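Structure first, commentary second.
As written, the chains take the letters A, B, C and D, and residue 1 is the first residue of each chain.
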Amino acid sequence: MTIAPPNFYPPFNILRLSHVELGVTDLQASRAFYEGILGLRVSAADDEALYLRGMEERVHHSLILRKTPQPVALSLGFKVFADADLDRAAEWFASKGLPVEWVTRSQCQRCLRTQDPFGVPLEFYATMQRLPPTHQEFAAYRGVRPLRIDHCNVFCPDVDAAYAFYNEMGFRLTEYTQDDESGRFWAVWMHRKGGVHDIAFTNGRGPRLHHLAYWVSNPLVIIDLLDLMATSGYLANIERGPGRHGISNAFFLYVLDPDGHRIETYCSDYQTVDPDLEPIRWDLKDPRRQTLWGAPAPRSWFEQGVPFEGVTPVDPVLAGQPIVAP
Amino acid sequence: MTIAPPNFYPPFNILRLSHVELGVTDLQASRAFYEGILGLRVSAADDEALYLRGMEERVHHSLILRKTPQPVALSLGFKVFADADLDRAAEWFASKGLPVEWVTRSQCQRCLRTQDPFGVPLEFYATMQRLPPTHQEFAAYRGVRPLRIDHCNVFCPDVDAAYAFYNEMGFRLTEYTQDDESGRFWAVWMHRKGGVHDIAFTNGRGPRLHHLAYWVSNPLVIIDLLDLMATSGYLANIERGPGRHGISNAFFLYVLDPDGHRIETYCSDYQTVDPDLEPIRWDLKDPRRQTLWGAPAPRSWFEQGVPFEGVTPVDPVLAGQPIVAP
Amino acid sequence: MTIAPPNFYPPFNILRLSHVELGVTDLQASRAFYEGILGLRVSAADDEALYLRGMEERVHHSLILRKTPQPVALSLGFKVFADADLDRAAEWFASKGLPVEWVTRSQCQRCLRTQDPFGVPLEFYATMQRLPPTHQEFAAYRGVRPLRIDHCNVFCPDVDAAYAFYNEMGFRLTEYTQDDESGRFWAVWMHRKGGVHDIAFTNGRGPRLHHLAYWVSNPLVIIDLLDLMATSGYLANIERGPGRHGISNAFFLYVLDPDGHRIETYCSDYQTVDPDLEPIRWDLKDPRRQTLWGAPAPRSWFEQGVPFEGVTPVDPVLAGQPIVAP
Amino acid sequence: MTIAPPNFYPPFNILRLSHVELGVTDLQASRAFYEGILGLRVSAADDEALYLRGMEERVHHSLILRKTPQPVALSLGFKVFADADLDRAAEWFASKGLPVEWVTRSQCQRCLRTQDPFGVPLEFYATMQRLPPTHQEFAAYRGVRPLRIDHCNVFCPDVDAAYAFYNEMGFRLTEYTQDDESGRFWAVWMHRKGGVHDIAFTNGRGPRLHHLAYWVSNPLVIIDLLDLMATSGYLANIERGPGRHGISNAFFLYVLDPDGHRIETYCSDYQTVDPDLEPIRWDLKDPRRQTLWGAPAPRSWFEQGVPFEGVTPVDPVLAGQPIVAP
């Protein structure tokens, strides 16, 4: 696919990825991991769900963990600029033939629930309950000292189609890989907030959630997390890293929560607010695109993802896997 | 002054502070400092001027050093979203009775030159010559490894008036200090790009440029810069820091270039894209607002600034200095 | 004084500074600081005393806090190579006309208590109770993550005499300052363990303990400590730093405990095991000797120290203070 | 093998591993790597050899690269405490039936060349030419900013025998792995200087040099080296890491020079000057012994080593490889 012009005047104004809702099988085990190891702060907790946020977030939560029989991804949440954007969003999704629904979310004034063409459940809101700043409560910093949600990454059976849909919604492409033969996108990184991405799509059986990422301050807190996990009973939950991505230039680590949900800790990508920022193309044969230093990702990283509730993944248009690991 | 509602639908769309132009007396000495010590990259150089950029910037320059008889600040440059924003800007400034002029800037397609009510020269453009990415040319990283311009800070004789003007232009307030007695703002931090500020105004004889700041990756590169300057003949150019600001939460260092222009190296403030982000008020009596760890700033930091060319600074409305240093 | 040849075959074999005993007025307040803020581990505690160690120390303690009516320094403890060294030490101190005494220390097999010519109480032992390694119990790391005791620093009224005495004991000089006029030492840094110092002496009313220092892994944990103290009620306990010493090249921070005992957190000096390592001389007029970056120390840092129990400080031989601060 | 008591009164006093001499096939390519990428300083260079040192070393060199037809290890160099130790060393090695020879080394006063029972060429000296300190010439810091040589690691066909021999020479055991069935050592880490090791022996076809290591200040400079190598034509020379060793607790990276010599950059192990420090035993089945975070080493790391000149490696007593990588 050729790169389309960004849609500078999108149908409604999305600010950023705001939160993700995951289904987990054991809230207590999840809390031990997310609060005790990763270091997220608990905003609210009951028998059904746990609400968490990073140290600099003033919204009520950026992660909801809801008790479910199986691990599952429940929705991706986005904050829009103004209340009117919600109505415009509802209209736009309806015009695409996609289901729209106004749902009640106790911390949000109004919340629109819909889905993308692959069935990924999306929620939009303009106003979520605000909490006092905690970024200077240094005595409460724990684990990897997560500051804020950064992005999510979704396995997608047709990345060209996902790109076209999200581009129309106003997401802008920053980096990408492309299949040389077919010219189809293999993976795309797209943003709204001025970083490398709010969402990325990778070719693969999908839709499935590949990971969500928290922004941290620098590589040393990621090393701290590795030391902590390795000596606190979470050795097997370390999946990949640490390393620097070629794509995005970010320093990263991927870990798995007790249900196998993949969490990335991520720092030092770059600013992308210029609308004329040229997307960077990476060759699928360049091992540095994934890890600048050449280390291959483990097989699990290419294959494992979590389905969205009620959505059956399908095989991708592009077959094969550009796996460089042995 | 009470905080006004942000102007969410401003007369034209400014993206970010893009570049600053300074007058320097010795281009060779300046190049030794900015390229050899700070580590900025030279985009172009001739007998009149030096153009520099940070390692992740793809615009032609974020700093212009122009040979002048005296050290002076020449202009603040802002990138707008689209070409049409330039015309809207011209109209808006003209409607305020401020001079507007279309000027030729070799790297910009169109450039509007105007000024704010205090006489600060402002330049706006939509399209500047782009250069290839260099953020992964690690062999070229030097000094403090400056990544991108972040903000500038201006001494202003009437911060209330500056706040009102820039708020109308769409800048949003993130943090501030206020004089208890009069209720007037002492200093305001305002942004467009989603960080704590693109521009700050501090009460004082003005307008004068207080400093401009480059974003760096983490505190250790700032410590490297200190070690380097202290042992390379620039000991006397270290002015203040390192420290963490209470306001903005950023880790900082202030140094002086060979002409006395103040440069801040700055990292790890926070994301501010939410339009409902509540501004944080700091008490002028809290020493932590300047340095979270309590260390006072030296007298020079409160008093020295560089006038803008052709603009005579005037005394501030609010007298006195909240100097906490001995 | 001219530098004497090191005593390569000293009367007995001291390995390193092992521990310091301080008198504190409120054990609970001290524990809150040393355990809760600095992050030392408590080995034992009762109504009389608190025993602490760093994360990589396997001796029972490197710091004893004993309840006393006034803040006071109680003793400096050194580990010797072998049991026989204790007897040789006893003989040597006795030969100098200094009091020697075998004292009972519950964690040490044998303990010799004596004093240096200025009255500084010294304790020597060969074998102290060992504890299991904890350096990889990362879940227990707190505060500045102190790893091990590094050195202590003592105000001394006659640095030449201290140098001669400790040199004869086998301490080796690594760096020093000298009074230009008289040729007398102003300060000396002397080691046994292979770092820049186990003990330093500074000209001043003494003997008084100036500070003791813990080794930490890197500058960022020191920045963490600053952030923590500034926002946890210990702002006024931050005395000086962070900075890099010219002398020793170490990155440092000085903080005060609730009784005013000065603690340094310290990292990245250099290895000194070569017996032919040339001592480095620093000019008293070079501000970089104290802080490489030029920042002066506050007056308190030059003046405040804690007397040793029962020892009356006297004025120094060299008058005046090389204070570079305003 | 059971752990023997350390030899606290060894036949002669070795201070530390001082330098390593390697045979390289292309001095220019080696210089580009060691000076241009790693950042060692060149002390001397001619058509035959290149002499290098780290930033804090004041001896003439810690690495000699000599032009040879094939990559080969030429000798391990140790500094002894005093000149008389050289004569004692000559006597001791002769008493073991090992060849001793006084050789001329232009930078050393006297130099004894001998070998260990496996044929590893060893050189001992007391006095090497000294150079001025450069640890505060921060403008000269490059690459990984190597500070000093730390240790070397040798494949050995009989680790029990190596342990017994070096233990008698005064090296002290800090950590080890052991074959459960035979009770034989698999690998031992032994020191003289007060760190985790000056030399380690690993079961394998040998003797062959596995790697030599430079001490660096903190993990971030190792990350800098990775970024630099990956983008400067040395991607394929990155072999393993970054990671934290379980054994030694050090943060590490292994890279290969242009001839395949393995260099480790290493920081943050712990102090071992206490003679009663208990050696730490690691289970060969614990993946954390190699990388605390569980990542396996690549096959090359277990298999590749460089022979010592003129010494034919033999198969190890213990067969099999505890390779945990797939």
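As a working rule, contacts are C-beta pairs under 8 Å (C-beta built on N, C-alpha and C of every residue); 3 or more make two chains touch, one makes a residue touch a chain.
All values derive from a computational prediction rather than experimental measurement.
Here the chain-to-chain distance from subunit A to subunit D, counted in touching steps, is 1.
Chain centre most remote from that of subunit C: A (centre = mean of CA atoms). For this pair, subunit C with subunit D, the centres built from the Cα atoms lie 33 Å apart.
Here the spacing of subunit B and subunit D, counted between their Cα centres, is 50 Å. Across the assembly, subunit B contributes 136, 218-220, 227, 230-231, 292 as residues in contact with two or more other chains.
Touching subunit A in their complex are the following residues of subunit D: 218-220, 223, 226-227, 229-231, 235-236, 238, 242, 244, 251, 287-288, 292-295, 326. Of all residues in subunit D, those touching subunit B in their complex are 136-139, 141, 218, 220, 224, 227-228, 230-232. Within the complex formed with subunit A, the residues of subunit B that make contact are 8, 15-16, 56, 58-59, 79, 81-82, 127, 130, 133, 135-136, 147-148, 193-194, 215, 217-219, 246, 249, 268, 270-271, 273-278, 280, 292.
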